[in-house]
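Okay, so chain A shows up in both of these, paired with chain B first and chain C after.
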Partner chain A sequence: MFLFLRRRIIYSLVALLGVTIAVFFLGRLNGSPALVYLPVGASKQQIDLYNHQHGFDQPLPTQFWQFLVSVVHFDFGESLSQQKPASQVIFEALPQTLLLAGVALLITLIFALFLGTVSAMKPFGNADRSITFVSLAIGSVPDFWFALVCIMFFAVFLRLVPTAGVAGPSSWILPVATLALAPIGGMTQVVRGAMIEALGSGYVQNARARGFGRWRLAFRHSLRNAALPIVTFTGDRAVHLFNGTIIVSSVFAWPGIGYQMVNGVLNRDFPVVQAGVFIIGLMVVIINIVIDFAYALIDPRVRVS
Partner chain B sequence: MTQLRTSDDTTAMILSGSTVSTSRRDSAAWARFRLLLRMPLPLTAVCVLIAFVLISIIGGPLSFHAANAQNLDLRLLKPFTLEHGWLYVLGGDGLGRSMLAELVYGMRTSLLVAAIVVAASAIIGGAIGLISGYVGGWVDTAIMRIGDVIVTLPSLLIALAVLFVLSPSMLNLIIVLTITRIPVYMRTARAQTLAVREQVFVEASRALGARSGRIVFHDVQPLIVPTILTLAMLELAGVMLSAAGLSFLGVGLQRPSVDLGTMVSDGRSYLAVAWWATVFPGIAIAIAALAANIVSNWLRAVSNPMTSGALAASTTRNPEA
Partner chain C sequence: MTAPLRKAAGVAAVVGALALVLSGCTGSPSSNSSGSPAAKDTAITIAQVGEPAASQTDPCDDENAGTFMHNNVVQALTDLDPKSGNVIPLLSTSWKQTDPTTWTFTLRKGVKFQDGTPFNAAAAVYGINRDLNNTKIACSDTAKLSSGVKVTPTAIDATTLQLKTNVPDPILPREMAYMDIVSTKIPADQQTVKPVGTGPFTWDSWVSGQYYLLKAWSGYWGKKPQASSVKVIFRPDATVRANSVTTGEADMAMGILPQNAQSGANYKAVTFPLGSTVFYRLSLQTPPLNDIRVRQAVQYALNKKQITKSLMQGIGTPTGQMIVSSVAGYDPDYKAPAYNLAKAKSLLADAKAAGVPVDTQITLVGQTNQFTNSDEVVQGVLSNLQAAGLNVKLQTVDAAQWKTLLFKPFPADQAPMILQTFHKNVSGDAASSFSSYLASSSCCGTAKDPTIDSLLSKGLQQSGDEREATFRKISDEEYTKDISVVPLAEVSAIMLISNRISYQPNVLTQTNELLLSDIKVTGK
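On to the complex of A and B.
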């Protein structure tokens, strides 16, 4: 087990190093980092001065070393639009994002486990056809558009929930629904596939012959064996929920990482964008390690290999 | 029924990586086509996609002028009226442009961007995965680790960050989306290559003196293409939605280029007064994405030997479902 986890953790750290290199070159993608950091319209003297002050006129390896040192200290420079360090901007927004994504993931799992299992009980039956169609349909709706239509109907027309911001439980309904919509569609399909396979296996047939009810067959006998692909997909969705939070932040003015990232892009605040990319990369690496732990817990075979 | 069984067997052979002659593959395609004709939902989806493509090809160039022509008298004109000509049957947007013309032109752009991104990432990712899997060793390791980095970051985040540094344009949008989608094909092509590489016919080819390049692109590649095509179909809807999302956030396409995401973003300012400016473009994306998803879901069910039998049986038992 420890061998497996150690290898996975090393892989993740390599990926994190890759993310760091990517962030480093992101600032140098158009030739001069000063053009990215400084506001549009900076004079030649300002640019030269900036380059000299921040060591951007040094050789590239030296620059990279300095960058690595500052990344280890979470030092991405001062935010240009807010008077505090860029990493502080992101860290302050992090809890709101994680909480929102966590709630959305939980809702996704509950819906998908139920719908996918019902689908798998009789593949290509009527229930399965309807569920498959609905899950494809909700996976095809653009999330930003769904959010706007919900605001229009529930917030502007019916006045049931606030249009934006965080104020009480009702303000969570639309953002969570927006975030969970597409993942429910995809996850239902994954649960369906995994459950069809698990329900078809010999020991489940045996249990069926012994007269167990179908819900017990599904949740007591099959779920654990169907869990691996579901866990993999959950990890995958957890990562992609960050995509969703960017959209949700933009539409609902949700004060999370996405809000800071989008504002960072619109205000040309590169330190914040850079810190956001790195810290989300770090979160993803942590999620991946957690998923690997879950693997080892669920499947004894993983522990031995 | 015999035709169907041939299809299943052939698909199973393709997926398990055995050799298939071209004539048998043709008959498999034909069998799939006949199966499609018996299934109303996938058939409708295919027709919708074809219709959207035709409208884009024919209507796109015609609508470019109208999609950008402003008529301030017709600002936020209500839809479903022919008073101001058929061009305004779906109403006008915030600057009095014809919603219909914008929708046609926006659909063309969205489909074009998605098609280019999917084709480019499938070809590049497929080729890299193929070579990486065949060559193996440290080259393979290095390529796969780079893929890991791209997959580690949420795609929208990469796109947002890169489009921050590069200026937003159609070309940059396509490049960024392509880069984020490449690893998907890379991993799939590599996994299949690893399996096919060990097959006897590859060995035979090598024994006959074929060079690596010929083995990879002549022997191994044809077996991987069907999987990559199925995957590409699956990706189409996702890429359309991502591109629209970026345009919505304001880092994708910008006027005078219009795509459906730009339209939703414009309509957002008039949310409380003109629902149609937001609702119509969203419905257009959703229908196109749904059609693509249905087709890909069907393709996956047919090409999976575990489910294709049940699928074929279910259509004969219950033809109208």
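On to the complex of A and C.
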């Protein structure tokens, strides 16, 4: 078990390092920050001064070495656009993102487990066909389109929720719904498939013969054995929810990591982009390790192999 | 629910709870209200496109935040009348040119900064030096001076300020309208995110990613503003921004798309001039654009009326000049070549017959979201140029890449390029536009015309009618002989304004200053 986890951690850190290095160099292929922060007509002296103040006049290998040394100390430098440590920029935005993603994931699980299980209890019945149709449909809806339609209907016409921003509990409804919609569709199908297999197994038939009720059979006995693909998919969705927050940040003006990352890219704010990628990468690594760990706990075969 | 699934749900719940705790630690963004209950009645919310960089809240570099900073929080010696374009008093009450390189300003008495520091000639010297003679921080305000001008301020007495320039600068009072003066307690060696000026509003707070808040200042020397506070919220999506007014969440939304510009029962859409133009800068270094006939063909190929009508949808007016009609130096007598596809084709045929490689591929470069519907406009221009017979491909870049292409030095082997340019002239004088795009020594122009250089040098020393006459000669030289730029349209903007407030936007509103004191709160 320990070896398994150690191997996974080493692989993940190598991947994280690779992504961080790629972001460092790719970001610098695309123009100097001086051209973003200084106005049209800025003199060469002003541009040189700006580059010198921020170390952009150093050779790229020197900049990279300084970057690597700083990352070890969790120092990503000063944000070019916000004049405070880049890591602080990201950590200030992190709670908004974590909370949004956490709530969306929780709602996804609740809906998907219920709908997928109901669907699997009588395959190809009316309920299954309806749930399958709806889940496939919502799983295919582009989130940015759904977000705008929701705003038009619930915020503009019905005036039930704010159009955007963070201004109280009601402002969470549309961003959470946008983030959770597609995962609910996808995960419902995963739960359905896993539950059909579990409900068809011998021990369930045996339990049914002993007179157990169908709801108890489904939710108490079968769901446990259908858990492996669901847990895997949950981990996958958790990672994708971070990506989803970028759309949410744009449409709903949600001040999370997505907002800071998009602004960082547009503003050539290298420290913020680097800190964001590193911290998001680190969280993805942690989520994957947790999922692997859970997988190993659930299925002894994983531990043995 | 089974144990593993409970774990999965538990992980999600723990993540949510953890985030909730962290969120509490950092403070609820919405908890930062805009004032007392009584003050809320006149509190205003404005939705704008994006959040400025922190560096751009420094009054010496307030390119993006300037709309709400300039003349609201910080003020300058002079101001510009948006209707007439004339220079009017602000922190100085009068000024006179005592010799060709010396201006003397009489300062307003009884003015204090928001931190209680008195405003006097010494403070003005500090503020102007911080803007214009600063070696520690890069200030964009220096770009608003005429090319090559250096200003040395001196305090003669408490209310008399002398500005000496290294060369004659007849429009110095106009240029001083952009040099915001901050309190002497704001350090000169580092940029500030908490500016302190003499304006009617204080820069109260800024919640990253959400809003910044300005509050009315009771110690303001002039007429008190009606709004008790102004909260500027950031709404990047254009439709959401418009909806913030239609739903009553905001009183005003800027940067509205023509397709969202419908008035309703509780709000109205207002179109107003931006003082900006769209033009196309042609690279003159390499064939085929180094041939005058090809550049003339570009002029004739652009169907400006069609593009402004169908693609700019009421926010564009065809123009033949790179400055708008309200800018000193605009030539009202100049008639730009009208759309004539046959003429464009004929010119290209002539050039081809003379051996010009007119089939060489030209890159038309557009910038994403450069102005309203800019992506559609550049597509229209592409279509026009291709219809004329030019071999043009479109490349769309972001702002930073665009600036890389805009600035000199240009590569010696640069491929033929037509660069879509969105130009705003905030000074009200053609000198800054011509210095940036037409002079041989410009930052961003492709022409090298000694005649223009000579005229510009002469015009910079002149004032009044003489100056305008010289600038018109420059226009003639450029648009008929050089054709390094091909103007397309003057650009307007649209904002949505709720019936709760009353405000008439003007040419300075979106690009320079939105005077919050001009907003009247007419409803609850």
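Note that the second predicted complex is superposed on the first by the 261 of 305 C-alpha atoms of A that agree within 3 Å, B and C clash if a C-alpha of one lies under 4 Å from a C-alpha of the other, contacts with A are read in each partner's own complex, and residues count from 1 in each chain.
Please note the rule applied: a residue touches a chain if its C-beta (ideal position, glycine included) is under 8 Å from a C-beta of that chain, and two chains touch if they have at least 3 such contacts.
If you're wondering where the values come from, they're calculated on a predicted model, not measured in any experiment.
Once chain A of one complex is fitted onto chain A of the other, the partner contacts of A:F270 are limited to chain B, with no touch recorded for chain C. In the superposed pair of complexes, A:T234 makes contact with chain C only, with no contact to chain B. Once the two complexes are laid over each other on the shared chain, residue contacts for A:S250 go to chain B and to chain C alike. In the superposed model, A:S119 makes contact with neither chain B nor chain C. Looking at the superposition, the partner that touches the larger set of chain A residues, chain B or chain C, turns out to be C. By the document's definition of touching, of the two partners only chain B reaches A:V14; chain C does not. Touch criterion met: A:V156 reaches chain B and chain C at once. Once the two complexes are laid over each other on the shared chain, residue contacts for A:T188 go to neither chain B nor chain C. Using the contact criterion defined above for the overlaid structures, shared-chain residue A:L148 touches chain B and also reaches chain C.
Of the two partner chains placed by the overlay, only chain B lies in contact with A:G139; chain C stays clear of it. Annotation: chain A residues 30, 36, 148, 151-152, 156, 250, 266, 268 touch chain B in one complex and chain C in the other. In the complex of the two chains, the chain A residues touching chain C come out as 30-33, 35-43, 46, 49-50, 53, 79-84, 89, 92-103, 105-106, 109-110, 113, 148, 151-152, 155-156, 159, 162-168, 171, 219-220, 223-224, 227-228, 230-231, 234, 238, 250-256, 259-260, 263, 266-269, 290, 294, 297-298. Within the complex, the chain A residues that touch chain B are 11, 14-16, 18-19, 21-22, 26-27, 29-30, 36, 123-124, 126, 129, 132-133, 136-137, 139-146, 148-149, 151-152, 156, 189, 196-197, 239-240, 242-243, 246-247, 250, 261-262, 264-266, 268, 270, 273-274, 276-277, 280-281, 284-285, 288. Interface residues of chain B, counted against chain A in their complex, comprise 41, 145-146, 148-149, 152-158, 160-166, 237, 241, 244-245, 248-251, 261, 264, 267-268, 271-272, 275, 278-279, 281-282, 285-286, 289-290, 292-294, 297, 306-307, 310-311, 313-314, 321. Against chain A, the residues of chain C that register as touching in their complex are 1-5, 7-9, 11-20, 22-23, 25-26, 29-30, 50-51, 53-56, 61, 63, 135, 138, 140, 142-143, 191, 193, 207-210, 233-237, 239-240, 243-244, 246-247, 249, 398-401, 403-404, 406-407, 432, 436, 443-444.
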